[in-house]
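Contents: one structure, followed by commentary.
Chain naming follows the written order as A, B, C and D, and within any one chain the residues start at number 1.
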């Protein structure tokens, strides 16, 4: 659970601490308690990140999830180098640290007995960013739905497009959506689950295109970054701006569902699919 | 079919475009090209509306909320071809730019664009989109009316539009705001225009923690036409004067026209099924990744 | 095919429904029925959601602007049948009514309804709509966001929805606001509900120049279930207690359920083509006019 | 031109006057001048009503318009009687006065050489209201487009649904739109022209469903009546509320076109139709 330290606890809290500090209410939660609650704050219901593996365990019937295309990995096609070094070094370090070879795990499995194809993003790997390999895996997963006539589900948790791949990352928006477009034509249901955070190019592509969009409580979901908007308007934004609750009110998500209820919620919806 | 035509295209590029391609990069850094792409005198959509399109009938509104002045579109003709043209509409001066929000569209702009593209389907005429935006508008009202949804919807729906779509980047191809009208069968780019996932300044302030590193970011991002052609993201570079289109507006417009016409002709030979299949293949092939099993 | 099934329906009505039909009008004036249809204790959509629908999964939002609390909808089951149910959502008390805007929908409500009906198409399950509204909301924001467009769009698109649509008027069927979710293959009506082109008060204040003539207008407008059945506008009257559904909620709900199930079954035998052809014929036959050439 | 007296001049101005008072700017315009300008105020560009016959002359190539279904007329199926008498008496009086047998003329013709089917509403007849016979004629006209694969154009000028036909008038909204729906499926263009006024059930059905919506300057276009809204919000509405200009700004009409330019504008659009 080393990743928890990065993504859900204060970076400067010492690793040895068994307390997790909730990002939202700032309560200190005993680590076991936090994990027992599926990384949800028992005090304020803030939903922290969970790993793709944990998500899969949570959603899929035991031993039914079969990963596909794990062999697809990024390349540093632009030889991108910034202040902190090369993209290649970065994704290799991320791989080492997270044990993941991309920001998404894709495959198929059963949810309360219903067959689906799925893509599960993982924030640990480069902030869940959308690169070429990410896009390839997500498209292949939707094509698996297309070919097998089974519903498609994506769990998003992403900072957006992966800058280090330049325009190629932007094009993954079109690539993944071309897959969604095919599902639409064939009338195959697509459910998008938006976890905290889902922003930028991921929100502006497949994550917002669900036939049904489901958000986790308090998830930040938006296109432009908060800071960018505050610069544009030269004033502070309200606290609830770009939250799941804000998006529900503005008509962009169908429901906000607690993590513990998500599996049954999804399978309930899928049970209505009649083809 | 798609890979074959891609090959043909690449061959053609190798034969005909290489000199231009070389010239495009020649002597100019990516950052200099960024500056040219944003030059205040650089011809914008309304210049091309005057120079290469005619019989333009502007159509308005998203039928939902508003008419966004940052995106214009309507029926038009280009060298005898009937089309729907849709593009970002930057102003020619500060006043116009404020009115047009500097070509930064809101959700209603993208929704208008989609409506017009569907109108092209109804009339059975191709779509030409003209891309020139710093990006989608990053404001409260845009977020609250679904900036993300509107772009996502366009990208998804453009994959299904049953008429040819030719997209031309004439200045700034700013991220999702550009892509929102940019999913075409052919993507053409002026040699001093840019197309990027993020502005160099934005990228620099995140990855270099200082916007002053924008020139470095511009280089790293591979946002110039020649870089994008090599990455198989665009299909063709359109020549413009070395110092920028504003130093030779008529000639540049003529080149843009020729390129559009050429590509419309190529696409007109395809059946609807072929067109959509090719479009799907084009976008399903976007990106570079490693397949560790096969490599 | 359509006229045949129409005939069957009429026959059935004559055999089975006539007594109820007579009872419906029996002893009650149209104005009394108007008052019953608006009775504060009259069961509303959420009562039926509890009584006859189950496994309801509420879905929200028009994906454009807002989620309108005046219209609710989502997946539901009714006697084992999977459906999408969409309806006007009046409150049960003043507070709820203010929150729900008294069941008066805005454009985003109609757009949400259409989205859900298209979702029914995707999932291949029928649509049941529950009509109970004084009318579409007559406010500035509704006009400015396209009240007319949203209703027009729904009416036009509902003609194409490729799954069966059963509409049930349970209380007030208020003009375009009702029709906006009311274009069904079968229109059912509770015997003390009303469906009218204009409220009796509105009609009276225009044609009698005094809203106090509402009872006269109610009579003239032919807004009761039995009048509408005679006019071939609705397909079936659902029995409710003489003094109104609120005096026998469970029995009324049971009748509503039976009628919905019966009609869903009838429609399930049709192919998509037959369904849409019948729907077109149904609406193309609406209205009474003189053909001076043939008469 | 007796109708001008009713619809475009002050009712209490004596008929013998050769002056028309503009509804918008209140200028007194010499009648000949007014007619020469196609019933448009030369002072403020307010577009007054024109008869269906004048509209046809204005839009269609000479002698090309052929009327269809003129035999369709209203019946008083509800035996509707209000304070002023029966619906039957009313429409018969309207027929006598206007020479029209319904609020719409339908047929086919050529616009600068392009074949179209069209419905032209006429405000003189019961305020251009939508009744059963109106709806029947409008549906038949769209079906003529459907069967002959030619574009469809409706010129609206209407106070909305015709109350005296009760629910049957409401159902004409669904009836006419079922025709538009068929045109959509067959990809046949439909142009809606909205003149002053276009309100209520006509706006909330075919008039707003044009692939291209064109409004005449200053036309009042809306759903709910001004007075009803003012009662709802207990305050006065701004002057431009529900005008063509307001609708253009809010995204519901494609263009505002002067009456004198309308014919060429429409034929320009139709020249793009490529089937």
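Assume a residue touches a chain if its C-beta (ideal position, glycine included) is under 8 Å from a C-beta of that chain, and two chains touch if they have at least 3 such contacts.
Because the structure is predicted, anything quoted here is derived from the model rather than measured.
Peer 1: Both chain B and chain D are touched by which chains?
Peer 2: Touching chain B as well as chain D, we find C.
Peer 1: Which chain is most remote from chain B in terms of Cα centres?
Peer 2: Of all chains, C has its centre farthest from that of chain B.
Peer 1: With contacts defined as at the top, give the pair, A-B or A-C, that has more of them.
Peer 2: Pair with more contacting C-beta pairs, A-B versus A-C: A-B.
Peer 1: With chain centres defined as C-alpha means, what is the inter-centre distance between chain A and chain B in Å?
Peer 2: Each chain reduced to its C-alpha mean, chain A and chain B end up 29 Å apart.
Peer 1: List the centre-to-centre spacing of chain A and chain D in whole Å, with centres computed as mean CA coordinates.
Peer 2: 52
Peer 1: Approximately how many whole Å separate the CA-defined centres of chain B and chain C?
Peer 2: From the centre of chain B to the centre of chain C is 47 Å.
Peer 1: So the centre of each chain is just the mean of its C-alpha atoms; given that, what is the distance between chain A and chain C in Å?
Peer 2: One centre to the other, that is 41 Å.
Peer 1: Identify all positions of chain A at which a residue touches two or more other chains, and write them in rising order.
Peer 2: Where chain A meets two or more other chains at a single residue, that happens at 184, 250-252.
Peer 1: Please output the residue numbers of chain C that touch at least 2 other chains, ranges allowed.
Peer 2: Expected reply: 63-65, 145-146, 149, 153.
Peer 1: So what shape is it, when you link every pair of chains that touch: line, ring, star, complete or other?
Peer 2: other
Peer 1: Please name which positions on chain A make contact with chain C in the complex.
Peer 2: Listed in rising order, the residues of chain A that touch chain C are 184, 187-189, 211-212, 248-255, 265, 268-269, 271-275.
Peer 1: Would you pull the chain A residues touching chain B in the complex into a rising list?
Peer 2: The touching residues are 71-75, 77-78, 80-84, 101, 131-133, 135-136, 139, 161, 163-175, 177-182, 184-185, 200-201, 203-209, 221-225, 228-229, 232-233, 237, 241-242, 246, 250-252.
Peer 1: Provide the residue numbers of chain C that touch chain A in the complex, in ascending order.
Peer 2: The touching residues are 55, 57-67, 74-75, 82, 108, 112, 119, 121-125.
Peer 1: For chain C, which residues count as touching chain B in their complex?
Peer 2: Chain C residues touching chain B: 63-65, 107, 111, 145-146, 149, 153.
Peer 1: Help me check something: in the complex, which residues belonging to chain C touch chain D?
Peer 2: 136-140, 142-149, 151-153, 155-157, 159-160, 175-176, 179-180, 182-183, 195-198, 202-203, 206-209, 213, 216-217, 220-223, 228, 231, 233, 279-280, 283-284, 286-294
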